[in-house]
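Structure, as structure tokens:
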Amino acid sequence: MNQYRVLIDANDEKGLVHKVSNIFFNYNLNILSNSEFVDKELNKFFMRSVVEGAINKKELGVAINTVLPENASVKIVEPKKKNIIIMVTKELHALGDILIRHEAGELEANILAVISNYDKLESLVGKFAIPYISISHEGVEREEHEKKIIECINSYEDVDYIVLAKYMRILTPRFVEAFEDKILNIHHSFLPAFIGANPYKQAYERGVKIIGATAHFVNNNLDEGPIIAQEVIHVNHAYSWKDMQRSGKDVEKVVLSRALKLALEDRIFVYENKTVIF
Amino acid sequence: MNQYRVLIDANDEKGLVHKVSNIFFNYNLNILSNSEFVDKELNKFFMRSVVEGAINKKELGVAINTVLPENASVKIVEPKKKNIIIMVTKELHALGDILIRHEAGELEANILAVISNYDKLESLVGKFAIPYISISHEGVEREEHEKKIIECINSYEDVDYIVLAKYMRILTPRFVEAFEDKILNIHHSFLPAFIGANPYKQAYERGVKIIGATAHFVNNNLDEGPIIAQEVIHVNHAYSWKDMQRSGKDVEKVVLSRALKLALEDRIFVYENKTVIF
Amino acid sequence: MNQYRVLIDANDEKGLVHKVSNIFFNYNLNILSNSEFVDKELNKFFMRSVVEGAINKKELGVAINTVLPENASVKIVEPKKKNIIIMVTKELHALGDILIRHEAGELEANILAVISNYDKLESLVGKFAIPYISISHEGVEREEHEKKIIECINSYEDVDYIVLAKYMRILTPRFVEAFEDKILNIHHSFLPAFIGANPYKQAYERGVKIIGATAHFVNNNLDEGPIIAQEVIHVNHAYSWKDMQRSGKDVEKVVLSRALKLALEDRIFVYENKTVIF
Amino acid sequence: MNQYRVLIDANDEKGLVHKVSNIFFNYNLNILSNSEFVDKELNKFFMRSVVEGAINKKELGVAINTVLPENASVKIVEPKKKNIIIMVTKELHALGDILIRHEAGELEANILAVISNYDKLESLVGKFAIPYISISHEGVEREEHEKKIIECINSYEDVDYIVLAKYMRILTPRFVEAFEDKILNIHHSFLPAFIGANPYKQAYERGVKIIGATAHFVNNNLDEGPIIAQEVIHVNHAYSWKDMQRSGKDVEKVVLSRALKLALEDRIFVYENKTVIF
């Protein structure tokens, strides 16, 4: 018995659920869970099914492809640990939350390495027997610095996701393109409010009554990639921006870990700079 | 072109989605929305589909029934206004919220009447040209009082739901049985905490930091019917129980209106004292 | 026995609480509630006390003024109903929520009138025996239209607040200046995200996972006045922008009513485009 | 310059704020923050001030005591790290969150030791160079087991708090009395709903739409001690009780860490089985 996640992304047309469920039925597959969504405006169909049965991956993929319209995408994914690399700067909370969840067995992930532009978090990461690679940006051109990081990442095989757990430097288009749709970031504001530097200070100055955090895939426009998860907390006039920053950390770590879990479980479809999440 | 809500409740078995979607496909129906859920523990299958096409209701029901296991239930519902009767005592907020939503056209409902054991809210209801029937419980035996209410309700045809919008008297089994699965109630606590009288006072005395409200169908055990919706708000030591009561009203009205909307749109399945909500 | 709300706004200096509480003590006043806040960054002191005792308003004001630094502001307010005028366009929900709360006696307010640029809500407002003045903007210059509204407002005496309950036209600086710090607005987004027109559509297009509403005082920069209250709800990929709009209404009405209540109870201090809320 | 937290708990009477602020003023203290609360029903006054100045602790305490009514309690606390012992069973998440916050310097605490009835978490705790003492309950009478734990705790000096981070055994009255008002617990339900064993299963069976967690001080009645903090998350019909348990962990750890922080910062007053939290 094999278990697969079947991920379908197609132009919508009548009968898609029928045709796909027909295949599941004919192959005598057990459907463990099933989610569909049709974007009526864009006429797009999305489906995520978890199925179980005596069939191999390739055969199932071929069978499903035959009933789908042209240009459809089918992915058959076996549930297994994905390989991730975490990038950080100096802050501990988001990284720490991932390390603890990893230790608890909550994440379907192997953490291949933690890369940082500082050595500050080396001692923490070392405790968990995970490689920590410090690549300082000081005295180095931005391009050169990124080149070193890319080389470091590429020295690992099969990297599924790069998780920016409060990596506080802007990535160049070259970097983003090298790892398209593979970079998750946590931005410490409720996007699209307070794009850019020091969002808590911006929030403080605007006098907002709620602050938040946003996990998103990274694309070439700063803080404008597809949003995966957002969460907020209430604040009031008594919060300095330092207080907002402190309280915000709890939201940041929760939202990033939630988004990472969704990615690891193949629950996210990206299209038109948005996400469908099952 | 007709539109139907197809509501299926069956013992689970392989291929149900396949078989039902097959019928939709064969009759060339357009699927506007589709939700399924399987309770693995109890082996129960639930499905709610909104479909559109040139088929009559009866034919569709028969077709679906032929592919379902024995003891399955299929309901084909046309989207139209349901008839409701609201029961209140003296508090205005929950009733008022329903009246305003009704006025705004947000609810798929005809309000046939408002029944109360006091005349206090008559003037409000009168503004909306809805009949207000005051049936005092004073000087009358409980049985006798309820009998009058039942007669009043039964004087209306096709009553779909009875909405207890802070009706503050306990209903007898006779009443509940007379309108099985048709009575919605709002209880002013986060059930199952603080069952019974004066939940805000109970909450205050226990020193909780969160209070809530629960909308549920009424069955014979006080406050123990299937839960439809719940919501909470944070409180603190500075709240007296009167403050909790005041703040709680905002939660009560939102939760009751949300549950009512779900019921009117045929989104609730009840089984084993629980609800499945699509 | 008189009851007063004492509202102090001063540059901070050592001993302010001491000096003010000294006066309360010497006049043998009972302190029913007391809140202070010091903005360390701007060195500003805010205090709101509710006191009770045998003293007249003027005497208390003079006494407190003598112990405060120069340029301090003291207001002694008796708890009584404030006069408000509500402005709307076509949407019913925010207005309806205020009308119902008013009917329930929840608001310390007299609603003098409802002014609209359409007559759509006249029938609702009429039910509550509140004057409805329809001032159409059609075929009239913006300046001329506003002049008529200003005249209408000025025909009422002692207007404390103008509540924009989804009044969908931009106000000119002349209007805003005519009623400085007196205009409350509800904006249907989580400001500063989605300033301007059709925020739900903007939110939908950005693919956010949370939407919100913001109540604020109106100043001359569109949607940039001091924020009073904000609230959010979670949405997902299945929400069209119409769905967001529909769900957003529930947040809008709650946030506006909450802000209005805070204003009516003299709980808001405005400074530096922010609010302190006790 | 010394900094102190002044914690006052007294029967209420007119002029308390005045008298205490008078002392602060006379000693030329700088007030960094100030909170008061009067429970009108029980006539109790609570105050927490953070002050700074050239005065010693003892002198300040004596000065304040002279102006307070009889039976009042004054504590003058210097902000410094408190000593805590953490007790766990097998679950990692709540402990892990505390360890990471400790590592990040977020907690004003020294973690003296982690005590467990299993050795499962020894490797995690060992990474942080914190003593891990495994005291198995197997084959030992309850009394005997607790005696060993009490001895272990008492082998440390000046233990301020014992934090039950998912310690899954019920404590006897002897244990609770030995560390009165010093034991913090996290209960994995929204108390008082689902007291006792396996609250997620109870919640699942009741069909609730919200689950939660409660941090409280431990007293002799199981799960009935004074509540410090509560938080909830929404669930739906698709959650098995295992899913609820999984999702609940995120709430548990956040609530316990929040309560611990409040305790470490001397922000909690306990009275009448309730808490006042500044």
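Each chain gets a letter, A, B, C and D, in the order it is written, and its residues are counted from 1.
Note that a residue touches a chain if its C-beta (ideal position, glycine included) is under 8 Å from a C-beta of that chain, and two chains touch if they have at least 3 such contacts.
All figures in this text were calculated on a predicted structure; none of them were measured in a lab.
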item	value
Chain pair showing more contacts of the two, A-B and A-C	A-C
Shared interface numbering between chain D and chain C [over half = same, under half = different]	same
Chain centre separation in whole Å, for chain C relative to chain A (CA means)	40
Residues of chain C engaged with two or more neighbouring chains	none
Touch list for chain C against partner chain B, complex	92-93, 96-97, 99-101, 103-104, 106, 124, 127-128, 246, 250, 254
Complex interface listing, chain D residues touching chain C	14-15, 17-18, 21-22, 24-25, 28, 30-31, 34, 36, 38
Residues on chain B engaged by chain D in the complex (per definition of touch)	37, 39-41, 190-194, 206-210, 212, 226-232, 236-238, 240, 272-277
